[in-house]
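When the chains are written out, they are named A, B, C, D and E in that same order, and each has its own residue count from 1.
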Amino acid sequence: MSRLGTLWVCLVFGFMYLPIAMIALFSVNASDVMAFPLTGVTGQWFAEILGDGRLGGGFLTTLAVAFPVALLTTLLGAAAALALTFYATRFRVLFAALLLLPFLVPRLILAVAQLILFKELGVSRSLLTVIAGQSVIILPFTTVIVASVLIRIDRRLIEAAADLGASGWCSFRRVVLPLMGNGLMAAWVIAFVLSSSEYVLTAFLSGRQQALSVLVASDFRFDLSPSLNALAVLIVLGNIALVVIAEAIRHRAGRLN
Amino acid sequence: MAVAAKTAAGRRTRPLLEVIALHKSYGSVQAVRGIDLSLANESYVTLLGPSGCGKTTLLRMVGGFEAIGSGTLMLDGMRLDDLPANRRPINTVFQSYALFPHLSVLENVAFGLSYRAVPKDRIKARAREALATVRMEAMADRRPRQLSGGQQQRVALARAIVNEPRLLLLDEPLSALDRRMRKDMQIELKDLQRRLGMTFLHVTHDQEEAFALSDRIVVMRDGRIEQQGAPGDIYTRPATAYVADFIGGASCLPGRILGPAGKGYAIETALGRHVVPGVAGLSVGARAVLCLRSEQVALGDTGTPAEVTHAVYRGADWLLECVAGGQLFQVAHAGPPPAPGETVRLSFDPDRVWIAREAA
Amino acid sequence: MAVAAKTAAGRRTRPLLEVIALHKSYGSVQAVRGIDLSLANESYVTLLGPSGCGKTTLLRMVGGFEAIGSGTLMLDGMRLDDLPANRRPINTVFQSYALFPHLSVLENVAFGLSYRAVPKDRIKARAREALATVRMEAMADRRPRQLSGGQQQRVALARAIVNEPRLLLLDEPLSALDRRMRKDMQIELKDLQRRLGMTFLHVTHDQEEAFALSDRIVVMRDGRIEQQGAPGDIYTRPATAYVADFIGGASCLPGRILGPAGKGYAIETALGRHVVPGVAGLSVGARAVLCLRSEQVALGDTGTPAEVTHAVYRGADWLLECVAGGQLFQVAHAGPPPAPGETVRLSFDPDRVWIAREAA
Amino acid sequence: MRPQSAGNWLALPVVAALGALCLAPLAILFAYSFFSVDFVTISHDPSLKNYARILQSETYRGLIARAFGSGLLVAAITAVIGYPVAWFLAKRAGAAKTMLLTLLLVPLYSGDLLRIFAWRVLLGAEGAINRSLIWLGAIDAPLQGLLFSPLATHIALTYNYLPFMVIGLWLAFESLDDAWLEAAADLGAPGRDRFRRVTLPLTAPGLIAGGLMVFVMVVGDYLTPQLLGGASGVTVISAINDLFGTAFDWPLGSAIAWTMLAILMLCFGAGATLIRRSSLVAEGA
Amino acid sequence: ADAATGILWMTWENLAKDDYLAPFIAANDISLTKTFIGTDDEQFAKLRAGGADSVDLITPGLDKVEYYTASDLLQPIDFARVPNAAKLYDTFKQTPLGKVDGQTYGIPFYWGINPIVYRADLMEAEPDWSVFFEGDAYNGKLAMRDYALEGIMIAAMYLGIPESEMFTMDDRQLAEVKKVLKIQKSKLRTYWNSIGDLTNLFATGEVVCAFSWVPPYYELRAKGIDMGMAKPKEGVIGWCDTIAVPKGVEGARLDAAFALVDYLLGPDYGKMLAVGGPYAQSTSAARDLLSDEQQDKIFVKDLSVMDSFVWKQNPPRYGDWVALWNEVKAS
């Protein structure tokens, strides 16, 4: 069973990295057409991407959006999940329906409608409107993730905490919170991924600053430069490096304990 | 000075906990159906009763984890109804332990202390002391899932007692412990209760435990209280056949009261007439039972003939089951047991047995 | 015919379960450190031992839930090592119940039957019968979380016994039940085992339970077996002070063997010399203990003077704690107890007491 | 502690955010759905014409049905593929767990568009897979149907949303107590049955959560079908986009959007009931 | 130092390459931010929904200006501030598109044709529109732009519907169009959405012939692929994009916006666009600076070509066109 599982996991990870492998392959392929046969090795595309200040700026803009969005949606999602499960409000069903709404509306349409609203309110487009708009569509994801963890926490532990004198807040902080840690982490990562790859809303709601997803999409419209492959490779490698570093730190901390 | 004295006196006489006409249903299941109970300050009360009779439910309402169906709870003369669990000066040893899986044993025990007026630097030391009390100091750094069942139970115990609450609720706190450890813990509990002047409400299935610890025993049945009183009263003067049977497993011989006689009543049974003490208020002609405990029945050369049907080894002695007049009797017998099928003669001292009501 | 007879004979003599040199560690914790045990077919064996001594770990390895550290398990002469839990003809009553939360009580009990050769239409009926055995038929449609602690435990019991396995492992299966219910369940268990010719390996903290049910008792300590034997042997002829103390709580008076004498040895203690039977193989000069059980010590006009320190009510009698020669003695006493502080005289019958080793 | 009032306070900021940024815009759209358009002027005479048009249009009905079909199909495929992965991550990965989880999500950072073009390179007539198959001698001529077909679309959709399913399931597995599996094994259930009778019902909340996310994202994804689905890559969302952008028929677009919303809300009403049931189950812990 | 005036230009990415604009930036104290358009329609939706004033300059198609003016989103061009406008080709001076009541709102800026582009190495002969509707030789190797207006115009041209009727087709004509478009769909490998996408499809050989824009032709020839470009005799679609100033832009930002407009119609920019695009500016400002070959590339050597173009217009029943287009795609 375990061996079969390992095999399956390897296959699935292989599947997940198959397109990434292609991207990596063409990021060092000499031709600027993404097609076989391969024509030779070059570092040109990486040089190009590293020399392109515009994309660098876009990358920073993406981070400037994704970090607050991930934080905000994780917090709000956790609050919503708690209100759905652990500290259930009386209006739970209505509340759940409201939470699902942004899930169900096509992005573009929501973007247009939000734009109309911002216009009516006299709010001009900026990164703040992007953050607000994205947060709303990502919120249901984080809520679902956190709620699926909360559902399984043993309520008797909350009783025990109350018994020992912990107020609602304390028992939340010292019992519920640590036990929902996995869920919060997953929610944050998913929110970050969704935010940084969101194109439609970002394009509609952003003002003068352009996030990477928007820049990449417009670059793509005219020419599929392999330098974008190089960019993707850098992002993926950067992420993997972060994971490895975090693991190493965790390992060392574990050993010290 | 005068005021202080008065308060102290008031405190001594006013019950710590009063339970008045308490009810609780889960859907169509009536778990608690009208309980009146009052716990004197600094007393040790145990709750005995069969599985499912509502003990845990009662404790949970007192602790504040279950909404009251109807009735009133008063602590120290004040209504508890609106006080949330964390503000009640009560701690609980849960039947299911409910240890925090993400905290170490020590952190579990220290948890409650941060909500008491305990200096920060004393918290760990106090927690360690409590762990020592339950003989778990060596496992302070483990997680609950790395412990055996009995070890977990002892951590749950330490987690509650370390807070030294006014009222401690214990829901079968020693059920997973071996006899020796249980004895040790009983001594620690009793000592704690006396030393700190706490009040204990302790659910147990172990009658020896109840006898050894309690000032008062409350026998429950089907969501109600069947009898309460001092351990000796409950054992030697059960009010009903149910209590006589449930506590100490008396053999109950049905009969009819012929009238008052001597210090008790004359009663007519399948095994003849006897004059025996009994509960007050039995009228002539009333149906009642004669309660005979296994150690009150002796094998001898005289007495009612009976057939031995079964003999069970108990270490210190044997428990014989004998049938006489269609009625089953249990007899404690120290020597080598007669073989099943043998006929023996049973006798008892009429002054030491007891007449109880047939039903509540 | 001949073959069948031979097999039947083989079956009768060959042990059902053999545990050979079994070890198990969790990280640095050695939970089981070398157990050799053999369970005869159709026998009832109970496992006694203090909290954390490795009982659950042993059972979990036999059941197939925990990988063996080292050693061998044989069932019916065949190695169990590679047999997954679901293919072992073994069922378990788990210490933590492990009831399926998403299934009703009836569905929980019926779960295992779908893997036996039970006709589909009989499954529900069989499950209901098992529920009746544990007095839970009225709650067949509830979910586990709607049950009290004792009710859950009975469902766990029903879920295992309904399968009538060759070997049944019971990990404190009656710990949450009141005395009466526990007695009833003991009778049902014993009856089941006899009727169906099953073999039981039963962990309990209740010594009465062990004595009442077992063909053999195994006393564990710290991951090892300290002594095993018939209930009478364990109680009356403990091999070590540990066993004497753990089972029945004997007072152990240290001493030195002076030499063989009568049916036993002459021993020198703080309270004088005595000639008393004892375990085989004690050499002259060896340190040993004289084991006195509470019911073997009597209060009288002659004997060693001792001071009463404590009296505990036990219902049927009182347990006195007395100190003589710096040594604590426990005495079972039927009458009204002497007050603490009083001096009494203790005596015992040298033929009924026992000399055990100081340590294993 | 009064959990209900705590719940209300917790819900408040969420309700405020959603009210302002989702409910209000949707209300605007709802109003639009009853209007009509003349060139770029929106006439504010309410009527049900738009809804009548949707009902009568085989195209829009068909597109909505197709979107839901794809959503369900991909949710099912990702569930089947992701289930063992989530199990492995939760129960077998040990210390490597966090790392594997992150590695699973990292490909998503490479961006939708780039990955879509990578799929083209993989699946194209001259792509990596066709070339490999020809080289292996498995086929003589390239399989045209690999790319620009529903197959290509669904492969990429599965790829895009598999990690979300795995995350949902992983969380469910994390809180699945092994004691229940041991008990099932003890009672004789072989692996297959332990899965069907214990694991599956007890991880149902994760399956539902993951399924919900995948379903919704597949229904909303128009880029992948558009770029990989070939001539049949149209989706209801891209049709709505056309109405909003190209044709400037916001009222009809709003009406289709609200029709989908209504159907989805019905579906999720059913889903929520399921979740509630399975959460009852789960509380038994 | 005073902060430079900041303006925001919403445009196509390849019209705003940094080097095209460098002389302008160097000569003015203006900081220019660019935001890029996905489609003409997206640009309109964004302005219509979000208000015009957050952008200082936009780049709508000539045929689309009407949308913006009807929605009252633009301000008229002040020709006094755009001296280079005097050099507009006559066609653009005279076109009624982009104007309301004689006022110009979208000033033509650059223009071109949308031809058929094909892989000459993989096709027997130069194709015309019929390749998308008849015969089996290129089944599954064709591509069409996913755009209702142009898709239906091409079908109409194929069916021989004259330009005068094309944008006002009646139900019967539209039914004809639908029928042939369904045939067309069955021959397509895919519909394309961006020119980069189509270029990739040509390069990888997935598609051998498509209704296209000009850039892939030059781009792929530069890579050594033998590309062909066909201008079908039934008619070629011509297009022209304008530059327009949203309502509400005023003061220093308005000055800066017009300065940029003038620069965009001037010789520096025109030359770079012709060489880099290659695209033709709407003025003759740079024409004489180009070689004959370069002029030919962007159709300004012989301007009469413009007369054969079918210019895009807004059909009055555009909603029905879009519905028809979606119906074909969904069929």
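Worth a mention:
FYI, a contact is a pair of C-beta atoms (placed from the backbone, for glycine too) under 8 Å apart; a residue touches a chain by one contact, two chains touch by 3 or more.
What you are looking at is a predicted structure, and each value in this text was computed from that prediction instead of being measured.
If you take subunit B and subunit D together, the chains in touch with both are A, C.
The greatest number of inter-chain C-beta pairs in contact is found between A-D.
Note on chain placement: the centre of subunit A and the centre of subunit B lie 57 Å apart, centres being C-alpha means.
Subunit B and subunit E have centres, each the mean of its CA atoms, that are 91 Å apart. Multi-chain contact residues of subunit C (touching two or more other chains) are listed as 96. Of all residues in subunit E, those that touch two or more other chains are 42, 45, 197, 200, 204-205. Multi-chain contact residues of subunit D (touching two or more other chains) are listed as 1-2, 117, 120-121, 124, 126-127, 191, 244-245, 282-283, 285. Interface residues of subunit A, counted against subunit E in their complex, comprise 31-35, 112-113, 115-116, 118-119, 124-125, 203-204, 206-208, 210, 214-215, 217-224.
Residue ranges of subunit B in contact with subunit A, taken from their complex: 63-65, 84-87, 90-92, 94, 96, 98-102, 111-112, 115-116, 159-160, 163. By the touch rule above, subunit A contacts subunit D in their complex via residues 1-2, 5-6, 8-9, 12-13, 15-20, 22-23, 26, 34-36, 76, 79-80, 82-83, 85-93, 95-110, 112-114, 116-117, 132-133, 135-136, 139-141, 144-145, 147-149, 151-155, 162, 167-168, 171, 182-183, 186, 189-190, 193, 196-197, 199, 212-213, 216-217, 220, 224, 228-229, 232-233, 235-236, 239-240, 243-244, 246-247, 250.
Within the complex, the subunit D residues that touch subunit E are 37, 39-41, 57, 59, 62-63, 117, 120-121, 124-127, 144, 147-148, 226-227, 229-234, 239, 242-249, 252. Contact residues on subunit E toward subunit D in their complex (touch as defined above): 39, 41-42, 44-45, 48, 67, 70-71, 140, 146-149, 185-186, 188-191, 193, 197, 200, 204-206, 316, 318-319, 321-323, 325-327, 329-331.
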